[in-house]
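Same chain, two partners: subunit A is paired with subunit B first, then with subunit C.
Take a look at the complex of A and B:
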């Protein structure tokens, strides 16, 4: 009886101790560009099913905001995925973690490409007229409501302006940018023609003028609901996002869509420059180039091993399949920058040298 | 024994449950010595040279406002409204004279991040609002105000998580939120800035260009054409040498090494710089040509020009005070003195030659070529003539005129076994150049002065710079 009693006591204690210390999941914080919401949410679900001990905590922002959370707000983030890989060297390689000589990152994977396109619905004005030849003219009409994402916060925001500037050479019309932008903002967005290249200059106050036919929001994702609600007729979006939401899509010519490697030299002819210093250490200047998403593990990631596991999952058959299903296939075989600094387990897994 | 066991179990249970509790335990009160607190500045308010520092107590002594502030991230994550207390930004700005429509407000975080607010946002609370439950845009309920908050739900903000001060947008309704990027953490500085005034100055030459502030500033960027001059009073004037600006309108080419037409300048023209009151300063092209010391300034001591000098002033060490015209509204090139130069060029492919070579000069290409070819001066002038500067290894920079060797080579069919090009002068002098080196030289020219043909060979020793060139033999 005594033995039985002590056995019960020990069992009770074990139950209590187990109840007191439920095995806590390891949080894996992923900050990603808004255009990755759908595929990364699917990835999160599949990854957590496979690795139930890890709790993926996704947070999505405009790509520039993603960077701000890492390098300016110093938040503990395990993985960063931006819609513009150039932001990683610009803002993470160049900025050291406080109190150290180590940068926030010293490598990135070139994760995926995308193309710029115009999203609309069947209800959009002139939906039956718009073509890849006249889109700029239709979007400039004062009775057409156009959604733009804010170039101060979102990579797509400056890319859409690049498309308008490049369109001037493609369609051989000098006033395309001006006729779309002019008088739509309280402070003008200037296009400076340097002859062999163009500079778009973004003022520090960017407010649409009264009666403007442009509606500007903090990110391109925020424009989707406006489009679906009929508040706007057209919005610039990434092709993957348009397909994910089942919207009508007008593809832009390859010389303008910022998605084709062979036209990179053409894209380089335009630069977007902020007329103010947004970050403490870097003057943001964005050079037109092929849209390429970047992925890295910040040097101060609290859970680098789990982060590497997530990236391995992303590049696994299952991960690639999820990305393909979301119209956003990975660049494969993997490539990137300064890959010699990649964690060993990732380099081996991805067969990178 | 049974009783003892029950007591023991109860004891273990109580101990275990106590261990489970996460409620904060009161630490035993420590006896602390009162040390007078040193006032710490938490906010800097700047307008021009004027700076006001605030401690938290000073901030709290200003009229306080309260309201509900919540945010939605750019991708829809909502933080529900909570009660915030703080000081209206407009109340703070009143301390430095207040805000007008000509101002903007830069809010700076302790890490250097900054974002600028418009007068509409600060004074009128113009922000887009979203439904707190759905994230859909909605009509703003009541009015919104922009504040520097120091309390949330009656408690100080967390210095570690968001700083002691945070800019938030407050309203009356718990049903709405605003964009998260307008809620700045770790605020430690507010700068009231004069809005930069836009301007346009008209430049007129072979073409006309209304040049706006943005275009001028892009040209004046560090690493582009920025030049500075310090006057006798120590003021630093920054801008662009006038000849670069002239180069944008003296022909269709606006930018690049060839934008400024030396040949036109050598033919002679005048430039009028006209101020708002009609005062005009005229300079000749010889004075301005490639002269980095005649500067059209847009900044003095780092600030935009004001009053009579706004927006641009001509400055530089070679100019008299009378010539330093301010308030420039237009710049006009008068080509009348060289009408031929202003005419469309008669050259088929290149520029009008700045240097006229001897009409009877000829150049023979011979040796390992499919067919010997003779170029007369007229033939050369029908090719892509360039007027450019080259660096002689001993004489330094030279302004020269000629035709690229590469173009001449492209006009003869060289035999496959040709390895050397020999430059031969009229007096029989010759020099061998490896053909591959010659083909690789993008800037090598067959050029001329008034008397003879020459080779201009930047990057090569001076003995490859042939005088009185008459033929090139391929071996």
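Take a look at the complex of A and C:
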């Protein structure tokens, strides 16, 4: 009797465990840049309402981290959306899937643009003083707490450093970068400024120094709650994210906000380089350019058809309006790279040649 | 085995569950080479991080002992209305998810928090400072010390204390000369448990103080940023460290049991 009871109990537990997995829904795994968290969460909801058989599973990280999950941790991912489209050719075109001669990706869509800006709140120190002329001086003050995202993990991390380097030309001062960064890290971030060619070098171990007025986190999105809690006074963020959170925004001059196509040549002046091998096969070098988000379906995606369906939804009237509502409009008509490799039905839908 | 006092299936279930505990630890320890381990120990930021973690947990424990012992003694000796409610409050940190505890602590000890703000005017900061690590560790591990000390005090005979009182000793003298010498081992074992729990805390600490990085935060960041290969030796080292603390604890508990 008792034995039977235990047998039944175990059976019941197994039934319960399997019942916990919603019945036969197709999982669609989306890894996206942290700055896409709000629009993509809205998209997820709208998409699942339209396609109840698909369960979208979103995960958000710093853009470099998103790449790592595909090419280094070999996770099964259906869609990758990064805040820097250049990461896709650099890290996915160049890396073959284990045991094959095929790269992790061979096309991407240029999804959206963005601008770099400074986020703050009413109670931030010197909030009533800061302007697009003096921001770099205020952010360098020792009594001002500034949030940075880690340039080793996050696209905004290296972009904010680029902006500081470019500021030296805009404001005609050659110590802007140094006075902001100097003595804030236990190992220095170096800038070599040769006018039209500036190179920033990131050390492998990047830790803020004791009594530093900089607080660093793994991704820019993690700084928002610190800003809201009053832990930091200012943080570098994307314009879309600042608008989504209704924070105060200081716009930066177009010559350094990395957001305007016509200033691309100016952005190209600055390069960020890691002083260590960050990935097993690729040494990442980031060249300043207009901020453009990239989107692709990895070659090893377990559900490529559902992934294509999601991208169609993103570019549909509804998807576009969700992005617009989140202050992050899509680039339309769609463009991208090596689009001849796009899945046929997606290419047809997007009316691409 | 004829006279076995337990059902036949029990040893099987027991072995499975022990394997479940041992296997991950064993696999981690076996997957690193001695060379990798040595390299990790000499890695400056790992060494600094371990030092910081041990130190912060020790400070948390010292505060816990100084402020928690009086409470434990009251809980062991005095009956008052609402006592079981208070016992529940003491246990709260054990059931609150640690990330939620971190956020709650941030609201109190953050730069704009109700305690953090006045403290910051005195130049004492918690977020991204040692103080934040200590507060996070202390909050989640305090119940372990208080409960252990309470049991230790309860095991001291009440009559003994009363006799001393009749002989003219003050309450303080009774506590210092009678109760404490008879209960210190239990308190010590509680303190070491609290220390060990503090060392392993991640959730509350990462929200209050991402840096300076405790060993758990460093481990998490390296896993996120640099992959499994560079993380496993750190994890193995951390396991060895905690196992060592655990052995000390067991040794104290055993000597305690033998004397008792």
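Here, the second predicted complex is superposed on the first by the 328 of 353 C-alpha atoms of A that agree within 3 Å, B and C clash if a C-alpha of one lies under 4 Å from a C-alpha of the other, contacts with A are read in each partner's own complex, and residues count from 1 in each chain.
Going forward, a contact is a pair of C-beta atoms (placed from the backbone, for glycine too) under 8 Å apart; a residue touches a chain by one contact, two chains touch by 3 or more.
All values derive from a computational prediction rather than experimental measurement.
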Superposed partners subunit B and subunit C on subunit A - clash or fit: clash
Which of subunit B and subunit C A:205 touches, first, second, both or neither: both
Partner chain(s) touched by A:37 [first = subunit B, second = subunit C, both, neither]: first
Touched partner set for A:65, first subunit B, second subunit C, both or neither: both
Partner touching more residues of subunit A, whether subunit B or subunit C: B
First, second, both or neither for A:328, with subunit B first and subunit C second: neither
Touched partner set for A:196, first subunit B, second subunit C, both or neither: first
Partner chain in contact with A:303 - subunit B first, subunit C second, else both or neither: neither
Touched partner set for A:230, first subunit B, second subunit C, both or neither: second
First (subunit B), second (subunit C), both or neither touched by A:213: neither
Common interface positions of subunit A, toward subunit B and toward subunit C: 61, 65, 68, 72-73, 152-153, 205, 207, 217-218, 229, 231
Subunit A partner contacts - residues on subunit B that touch it in the complex: 1, 5, 8-9, 12-13, 16-17, 19-20, 73-77, 104, 106, 109, 111-118, 120, 126, 128, 135-137, 179-181, 185-186, 195-196, 198, 212-215, 217-219, 253-256, 259
Touching residues (chain side subunit A, partner subunit C) in the complex: 6, 61, 65, 68, 72-73, 123, 145, 150, 152-153, 205, 207-208, 210, 215-218, 229-231
Interfacial residue positions of subunit A with respect to subunit B in the complex: 2, 5, 9, 12-13, 16-17, 19-20, 34, 37, 59-62, 65, 68, 72-74, 152-154, 186-188, 190, 192-197, 199, 201, 204-205, 207, 217-219, 221-222, 225-226, 229, 231, 273, 275-281
Residues on subunit C engaged by subunit A in the complex (per definition of touch): 9, 45, 106-107, 110-112, 127-128, 210-213, 221, 224-225, 227-228
